[in-house]
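The two complexes that follow have subunit A in common; it is paired with subunit B in the first and with subunit C in the second.
Moving on to the complex of A and B:
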């Protein structure tokens, strides 16, 4: 992101700084010590930050931003399957480089893009895959002996290292593709595109409403936790009291969410909702969409054919 | 437990996609039947709640924090079908909008966390909670055990999905193409932390929230349990349903019926003609009528309940009970159809299972 486009960005810069790849569920393996209150607060603001920065980037004029969201979603799914089917490491690496080119063509900062994808690959995938490079998990030709077991050298195996390379590159390419889609498509249009891959209208309606109220609930959590933080002196007390607070706040949140769903339902009925949903937006295919589809399909077929020839 | 893209083969994802489609369709049907047009906002808010509850950091005794999935809690509060959709949508939003969990792996993640977890948790919860009052401690610990079982079932499923990859998908030289860990490695690696930490966190959050709601917001507990007694006193006051007593009695009879195998001798009047002790009844020959009609019907599916081994006898008994249940069920269905008009109308009028008034936050007093 550059400062020259600051005027088109409604999100303030300070909110967009700090950690880039933030797993909203916290399940990427970071278990650093710290106050649960502070962590929940930073998690909530992280989701908000990510959503706002995505909307900012999606508003910029770039290659992928110009594509029809339906085409983008369908071609992304096709490319994801292609990447999942590839068995050759050089081809996967090539596919990853292509995602970088696409990111640059879509006015994304390439360093930001790389950081966002790789920040959690070493933490999660790296740690998970590391033991599999050893001969105790993946037997095969030992290239770097570390110890011996019953006279047999044990250590990193060629097969293990190759397999780890395959997985890490595949995970990186897959995540890059999804991040490209997410960052270049405003969520309302992405939602409408879900219809095109056969998601029933009712589900699209529910997903859209869930996404909208997600931020309201996050705001409520933020209020509750900020208030808690404001009236807590010192460290944060014992963990049992903490768990009671978490349970009580989750219970309160559920009560609020349910009450809200009743009110939303009444408001919908008052506006003539009969249990059926209609969409207003009409998409039109343009030349760039057709060109992109042909390019994506040709790329996928070429990758798969080359993979047949190379890998095995 | 969110599987990213790249760990599973596309074939695995395809299998799960095909099996998830009817499950989602059936969930939507079930939820719609119960809550009518209210289901869109209810599920939307349920999904948003499911997303947010995964972000609650729960302090654990070693000083760090962990987080719950919340699938068990939503299953208990809104029912397992609604939980299936709500958690699926939360997972979809995470995968598509926030890049957490794979897009191709979404059906697999949905199966683990949105189907297996809520249904196992809810099944265990209902089994243990039985007829207990809504505000009883038994409901709380049943929910805790259910949540623990559900989360570990989901973790086991994830481990199996990872563990079958190297055997099914590898190169000629043995290089694994996807997740490289075998079942003997993936199952301990997944189950150890889930049995020791994550399962307990899920159980603690579920139980904690239920305890809080029992104290502060009972109407919310009624959403998925409209006819359950509120207090132990009310449970004791309620008359026992005759249908229930009948079903339990039948069940006990079915279970103890193999005891007959232990009894010596045969039943009076049931002997085949050739086994009759003619002298005992002062007869010189088998009566002609008995002789004539004894083989009248020779087309039995399992003559003599099998060849006499206890196993065949038990199997015959199960087949017999199933046949009777089918016939009885068909009769009940037919009677309903014949009497259809009035019963159907009553269903539409009063059948909307969820009829709680809008919950007033903070009102505190049970309804």
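Moving on to the complex of A and C:
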């Protein structure tokens, strides 16, 4: 090979000298904050990692953890549909409180749970919902005037606020249900449960792989970021360079991920994989599953009936 | 001489049809033999092991295992596939690639379940291997949470559990601390005494005499330049120097 370095070339002279720039006290150059891009990059990977590594919680002996994953999956999906059908704000709020109770019964820290759920809400709904609370979009009884226009007070309307409240509680309750499911079920079991309720094999396999690669990509992003930071002398404040780094890294990242996924595939083949992954886990229904199913179904029906009475 | 377990003749392989990795490699491994593949970085050791495990297929040349030629479409036949995969195990150089299941226990069980062993037997075997490799505390953790050396142990466990006749190891001692390296060498010793056929890629000349009966040396031109019993080969300092396996200042040459 051409790259043979074993017949040792002498090291270049600069490598053998100490350099001023490497002064350990950092006394050269001005102090600058790290660039936005760099911070976002490592920040985002940290948040994602934290939001997903829930296997510790899933191992706690709580209510939802004790349920058969299939039952849990189906019942929570059922409740999700119920919530989507509710039109009464108090009932939705009640349903939201029930998710908090479930979280507590499953040994989740309620503040942690609330934070995790509300973290997503402004992103997904805030932008859409906010304008709808104003009288220019939703006409009606103005409760909080902000400005006047043609002699009419304009601002938040009662109707606007009501429908915004409806949307936000509905979204919050739905997200809570999904988070309850994912936090209390070890990832493996969830995949197996998806498979056992008839989700196609390939689909489950892809979700599983995607999840694994997400971690791998996060680690790689971290490593590359740290490696670059270690090599950057001037503090990395230049954000154009930062952006270029991100663009270049994305390419390398996909190269690496591709090569790795090929090796993983080979490793699976090497151990006899031919397309149908088998799992050690066997599911068994217990009394608690039956009780839970009855309660969940009764709750859903009660909510829907009450909604008819209140809303219709 | 008995019929070889693995036999290759004149293998050629290039990645993406451009980057040559094997250029006319022949090799034959007898049952129960331990063969080491030696060579500088990038000479094609991993590539050869992947051919021997039926994961990539040579551009030209033939590979026979257990007396039958191994071909891509033959491996699609379920019976041949099960037979071959059950009899040949491969520990990858990069253990990150090898651990893909959600928990260590599932990881170790994977091969047996794929080959159609029932759950109870698989679980028993997993327990045995776990206690043998002393990884009891790790079984319920996710493989991506482990350190490099722990991952390697899990990878080795996941192959041993299938009890293959032929074991392929790609640089098994790399990334291991000295104690674990020693443990692994012990393990290889045991496997050898148990009559397993072993092919391993290695850079570690010091441990070679304990590990391998025979060595195959690759040149940087991706060809085999020597094939000799370990003791004989290690005495040939000129050859070792020529293929960049040792450096003029290496300890080995002073002995």
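Here, the second predicted complex is superposed on the first by the 239 of 312 C-alpha atoms of A that agree within 3 Å, B and C clash if a C-alpha of one lies under 4 Å from a C-alpha of the other, contacts with A are read in each partner's own complex, and residues count from 1 in each chain.
Simple rule for what comes next: a residue touches a chain if its C-beta (ideal position, glycine included) is under 8 Å from a C-beta of that chain, and two chains touch if they have at least 3 such contacts.
The structure presented is a predicted model; accordingly, all values stated were derived computationally and were not measured.
**Student:** Give one of first, second, both or neither to describe whether A:140 is in contact with subunit B, with subunit C, with both, or with none.
**Tutor:** First partner only, subunit B.
**Student:** Would you sort A:268 into first (subunit B), second (subunit C), both or neither based on which partner it touches?
**Tutor:** both
**Student:** More subunit A residues touched by subunit B or by subunit C?
**Tutor:** Here the partner covering more residues of subunit A is B.
**Student:** Who does A:260 touch here: subunit B (first), subunit C (second), both, or neither?
**Tutor:** both
**Student:** A:186 in the overlay: touching subunit B, subunit C, both, or neither? Say first, second, both or neither.
**Tutor:** After superposition on chain A, A:186 lies in contact with subunit C alone.
**Student:** Between subunit B (first) and subunit C (second), which, if any, makes contact with A:81: first, second, both or neither?
**Tutor:** After superposition on chain A, A:81 lies in contact with subunit B alone.
**Student:** So, does A:62 touch the first partner subunit B, the second partner subunit C, both, or neither?
**Tutor:** Once the two structures are laid over each other on A, A:62 reaches no partner at all.
**Student:** Can you list the residues of subunit A that touch subunit B in one structure and subunit C in the other?
**Tutor:** Common to the two interfaces on subunit A: residues 187, 208-209, 212, 216, 260, 263-264, 268-269, 273-274, 277.
**Student:** Provide the residue numbers of subunit A that touch subunit C in the complex, in ascending order.
**Tutor:** Touching subunit C from subunit A are residues 1, 3-4, 6-8, 55, 59, 186-188, 191, 208-209, 212, 215-216, 219, 260, 263-264, 266-274, 277-282.
**Student:** What residues of subunit A sit close enough to touch subunit B in their complex?
**Tutor:** Spelled out, the residues of subunit A in touch with subunit B are 21, 23-27, 31-34, 36, 39-40, 43-44, 47, 50-51, 54, 76-77, 80-81, 83-85, 87, 124-125, 129, 132, 137-140, 159-160, 162-164, 166-167, 170-175, 178-179, 181-182, 187, 190, 200, 202-203, 205-214, 216-218, 221, 236, 239, 242-244, 246-265, 268-269, 273-275, 277, 311-312.
**Student:** Of all residues in subunit C, which touch subunit A in the complex?
**Tutor:** These residues of subunit C touch subunit A: 40, 42-43, 50, 53, 55-56, 78, 81-82, 85-86, 89-90, 92, 94, 96-98, 100-103, 105-106, 109-111, 113-115, 119, 122-123, 140, 142, 144, 158-159, 162, 220-221, 244, 247.
**Student:** For the complex, give me every residue of subunit B touching subunit A.
**Tutor:** The touching residues are 1-2, 4-7, 9-10, 13, 24, 28, 36-38, 40-49, 51-61, 63-67, 70, 73, 77, 85, 89-90, 92-100, 102-104, 171-182, 185, 204-205, 207-209, 211-213, 216-217, 220, 223, 358-361.
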